[in-house]
């Protein structure tokens, strides 16, 4: 057992503690450095993870497994966390609770990373809760703002309910198989297939993870929370914590409960269609950009869920790649929104809806970098070629066709086309609707985060091979046979 | 060997990016002109070295891109793509010249979008990998969307969104077809590949007839919406009309739908499960578009909208000729694309000029413009004549080839198309008479003729129309070579 | 909203409405909860649960604390460690949320 | 020996009660209590299975989940306090600024 | 180098002149008229020399073909038919050009005028020497567009531009038929060759077409239950084209309106360059017509009908040029009739018809130029305002009278005394008689002889009303300048003597058209395919028949002299809007109402186009409806998101419960 493989998590833990402790002794004005510290820690963790790519190991009596899948998702989480941290430097400027903000963010990331490498449902559940609990407070970070508070409340309430459902479901799994180890469950899942409780457990687990992934009808907190939370936190939720739900579902369903494939495939098929359609249709009429992005995030989750239905290595690879791409795209889009919100609020503190579409008017002139990045992100989300979104959709949708799920692919494709409408509308507001407000200087941290995200989005779009390769490798962990 | 195709594709894209950073109109337009002229020179160089007697892809470049999915950076051009690249390369410099003295907001973005469209469109014609093909295909959407949205007419937002989503849906359906082809071939060969020639040749070995038909129809749908033909044309009049002049010309340059028909659809056609049904579908849509577009053009009161509908009518010939399955008709259909590109670009330029000088495009509000704009009148009369298929101008070569060739296999559809010719003449002549001739409408105020740049650009394209009307061989020969190859495929299958 | 004078006339209506408003969410909740319960119960009772023949009874030491302790520090040390972070972060979060707006 | 179904059935009933409460109560604190109810019914399950499977894992899990429940409660009450401070009520159904 | 190798220059020089005049004309005196005049002169000389050569060796026709694109070619064919046509066109056109220098001297866009007329001439010359049907069609269309441009020369006049539009669209209807014929012909030949055409074979060249006539004739198409031979369809479609171009009924409506252009343009159109194209087309493809059952009969009947139909309208017109226009239509009817009677006399029909075409060109050009001279001098073309012009413009009057006699066909049978028109019109009427006697179909003959009476009537009405009597209004006139009167005199000479001098040579010469080293057609064999019985043509007609044309011509002259010269009858009672016959004629059989107001405006424009427009709105509406539906359902669906936390919880729990039940049910079913 090589503890070095845990180095990223440990680094993050140290970073989180360091941020917390150092923050106590810093004056408000100097707390800015905490953000840099946190970013640095995340960057180191990212570097460590990347450097350990390709190794496979299990640790701590098989409760953790380091493999391509976990590495891949760790990178996703770290990247999202990095974007979150960098963007938050500006957001938390002048706030006396900067240390809490960053350490909560870092801890949440640790939770996500443990979910990615969990090989035991107990680890998975607790890490899952870590990520949730840390983000509850983040969502309500603007505690004097009713929206933020409401967002936190809803997130928390539905989160607890889901945790209970999840735990309830896990208890049945445990009861039928007598173990919490994922490989052991897979070996002893025969019982679950023959008994009706198997289905109950599956649906309960779907509900539990579906809350994080924001699948219809477990999604209802998501638009409210994404809208109400600080935008940077929304980026962490939508881009990071959502992926955590996905990787957890990958592990639990595809690895542990593969015997119950028939049941959960059907569940996911229904939910995928519902989710993408509902998300896209409702997003059409949104005027709050964050809420629109939340619904779009629903739709994207619906696409990724298709991987569960199709269940070929290529589809899973596509889903995994999509997760990474979505991380970049959605985090980037929320951060761009955060920049706009920041700009709007710095002009007038009392604006009711700082993320209203009207505030995006003429953004192309006012904040050119932000507007351009936002354009790239929304087009990527819509699946325009040479972006990450297209590459992922290409792999995912094409594998859907390959596996013979033409109907699903058609629905997904039509949805994808529909989504273009509301994405294009954002672009329209940014570039085509003039405003008399002048150009503003774009806050540097936001810009850096945006540039990183843009680079990520375009890199996956252009230089796809390594990403596709690693996604496929990760998928092989789930289905060892291969195509 | 110079990677000439890559250069032709990438130069405009690169210059588009550079143009974005220019500050003044002067810099932007010079930048755009340099890029387009460079493309023209390279294209001419390529054209000179192009062997029009063989139907193979030439100037091929291939590099691995995403090997795990079988995606390559594969460029190459054959007799189908070459004329269309040539068309773009020829028209674009003159389009830049045409807009030389225009004043508009954000000229740097304007020229950048023009260049980006050029690069993307040429990219479609040069791509020999479906992945690349689709990328360029979609890439054409974005600059045009911006073009319409920023500089368009009063209904620009609606038109832009409609165009964007409508054609995007079609593209996605086409993508589904590509996926089907991709995986069917993957299953048979065991290795993934998105190479266009390879996939086209493997289509015939797909076991399931339903699968074949589905793939074929999905691809066909994607292409005919882009062409566009009846009944999938409704994005087109709005988009063409609301777009700024340069945008309309770029739309006209967007011959990717027809290109897809020749490059992809026809090689697949004989191997579908029910080729005769497919031919009937294509021929019927083509013929109906011809007459439907003509009648609608007749009903329009807006000059530009009339031109837009006339485009529906003209593009019907492309589908009809392709369905005719005689080398003359197929090459005629290809030539129709080429000639239509030349003709329509002047038509839209003329509409643009009239709109800016007279302040309206409503035909009945104009009148007697020829007295004040003699140069424009000459060019317009010539172009309208070309558009209505007057012999001696390039449109006729295409139409007569399509009609004569298609009649062999599709007599009844050709008769429908023939009926439309009178209507076509009617709306052209009607519009000319109302707008250009007769008593000058004094309400229009002071009218000045087209300036030197506009005369130059429109004039040279007009001369090309005449030239290709008398000597189509420079581009028709290579089309013939390729269409004969396509037809020989048909003969093998006995279609 | 009905104003007072008018509402007198509609008192029965008002009562009904308030009754309805009182019960409506409860009724739906009731139905949903019963549905859920029924589904679970049916599934539970139709399932043949695995169980050992006899629950092992450690005669010497009725407590299983030791076993749990061993497990916690061997097999399940990772969740334990994660739990420490959970506690820390929830502590932080709770304190932050509960604190007044002293310096915001 | 008491069949395990009875434990599970009890847990299911408790869970459903929690669900019902969660769906119908307006007060945040009651809802939190319902969540605790649900978590604990799951714990009951875990412990019961643990006994019947002669495997201590479930009990360890239950321990951990109790700790988690505590954490959750802490955060939950903190949020409710913040809410109360702002609105002078913890009736959560009045909190619907964010909707549609 | 043989003169024949220069044949391609005949159309090319005027075409070049067009380009030069168009771009440089403004800078030259007289709008650069010298360029086209020089070019056409050279063309005329070349044509004349070629014709001379051909007269020596009628077999050695000139044919040069070059591959154009695909299996089509471009080429030159000068056989006797083409040669006479070229000579006539270049000569008449040259004279008109010279005349125009004076006539157009006051117009500020004369350079455009000369450019367009040069192109007009070039197209017509190109049409005449085409060696394949497609090239003929191309030039045919170019002729059409030039006429469009020239009729609308004074485009600022609404009437001119609308007349141009009418001319273009009406002929376009015929052109489409012609094109359809070509398309069908092409596909038939393509099938005959089975899709593989050997190198060097151009399937639309006349020799290929003629060689395969029997095979095409053997193909049948089922139209509305009738088995129709392809050759009939093709020839009828060709004839449809000719109807449009040559102003035959029912597509003649554009021709009278075409007077809106300069009078010289009318002269060009009516004499040399445009309307004769239709006759030329039928003559050119005459072997096909011979092989086509019933096609020639259609030609004959329609020609005869047009001859009288137009003549009736010619009588009532008060516009100088309109009378002449109807006269042209009527004469073209004669030419068509001349071709149609080929059903009885075989290939000779081409000779007599083309002979009339040539002579008609001379006297009709003369008539128009004289009219132009009058209009130029007095500034009006309403005959009711003229009278006594002969005193002011003697040369014009004399030449005009010569032309009138030529048109009316004065001459003594069996001698060489007679005007040109007599020698060409008389054989047509005689052939019509022969046709009647051999087939029993007398209608063409009766119509043609009646039309001859009417011809004489309306042309002398014109002469008397314009040139004699007292001036009815106060016009100031003077004789035209020499550049105008010299061409008049030359044409008058031709109208006077050309017919008498050339007729026998001409018939022999033109009869070589289908038997030479280019094509070897056996016309009687083709007639068998077409089912016609050829009668031998010689003067077996009764004396009365030979003299009949002269009798009716004289009768016409006398009647009009009585009415318009001596005014023994007061026409005012007849010429009134209450007289239904007059009304019908004056309104030109209401064709304008039927074609323009009803067919084009009501049916095509308001009917079809707007129906199409409505359908298109439907498509548009559907597309918009789908998008609206999406947005509205988004609006509806978002109502689920109430913002109340309990609802959310309920959704989650209900979702779990329902999913379990649903999946259970589905699993059971499956």
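Labels for the chains are A, B, C, D and E, by order of writing; each one numbers its residues from 1.
Here, a residue touches a chain if its C-beta (ideal position, glycine included) is under 8 Å from a C-beta of that chain, and two chains touch if they have at least 3 such contacts.
What you see is a predicted model; the values in this text were computed from it and never measured.
Q: Which chains contact both chain B and chain D?
A: A, E
Q: Looking at CA centres, what chain is most distant from chain C?
A: Most distant chain from chain C: E.
Q: Can you check which chain pair, A-C or B-E, has more C-beta pairs in contact?
A: More contacting C-beta pairs are found at B-E.
Q: Of all the chains, which has the CA centre nearest the overall CA centre?
A: That would be chain B.
Q: Averaging over Cα atoms per chain, report the distance between chain A and chain E in Å.
A: 77
Q: What whole-Å value do you get for the distance between chain D and chain E if each is reduced to the mean of its CA atoms?
A: So the centre of chain D lies 96 Å away from the centre of chain E.
Q: For chain A and chain B, let me know how many angstrom lie between their CA-based centres, rounded off.
A: The answer is 42 Å.
Q: What positions in chain C touch 2 or more of the other chains?
A: Within chain C, residues 25, 28-29, 32-33, 36, 39-40, 43-44, 47, 49-50, 75-76, 79, 83, 86, 90, 93-94, 96-97, 101 contact more than one other chain.
Q: Name the residues of chain A that each touch 2 or more other chains.
A: Within chain A, the residues that touch at least two other chains are 122, 126, 129, 133, 136-137, 140, 143-144, 152-154, 157, 161, 165, 175, 178, 196, 199-200, 223-224, 418, 421.
Q: Pull out every residue in chain E that's touching 2 or more other chains.
A: 627, 638, 641, 643, 645-646, 649-650, 653-654, 656, 660
Q: Strictly by the criterion at the top, what is the full list of touching chain pairs?
A: Applying the touch rule to all chain pairs gives A-B, A-C, A-D, A-E, B-E, C-D, C-E, D-E.
Q: Show me the residue ranges of chain E that touch chain D in the complex, using the header's touch definition.
A: Per the stated touch rule, the residues are 638-639, 641-646, 649-650, 653.
Q: Touching residues of chain C toward chain D in the complex: what are they?
A: Residues in contact with chain D: 25-26, 28-30, 32-34, 36-37, 40-41, 44-45, 47, 49-52, 54-56, 64, 67-68, 71-72, 75-76, 79-80, 83, 86-87, 90-91, 93-98, 100-101.
Q: Of all residues in chain A, which touch chain B in the complex?
A: Residue positions touching the partner: 379, 384-386, 390, 394-395, 397-398, 401-402, 406, 409-410, 413-414, 416-418, 420-421, 424-425, 428, 431-432, 464-465, 468-469, 472.
Q: Please give the residue numbers of chain A that touch chain C in the complex, ascending.
A: It comes out as residues 13, 16, 20, 28, 59-61, 63-64, 95-97, 100, 103-104, 107-108, 110-111, 114, 120, 122-123, 126-127, 129-130, 133-134, 136-138, 140-141, 143-144, 152, 175-176, 178, 191, 195-197, 199-200.
Q: What does chain B use to touch chain A in their complex?
A: By the definition above, chain B touches chain A via 65-69, 71, 131, 134-139, 141-142, 145-146, 149-150, 156-157, 160-161, 164-165, 168-169, 172-173, 175-176, 179-180, 182-183, 186, 214.
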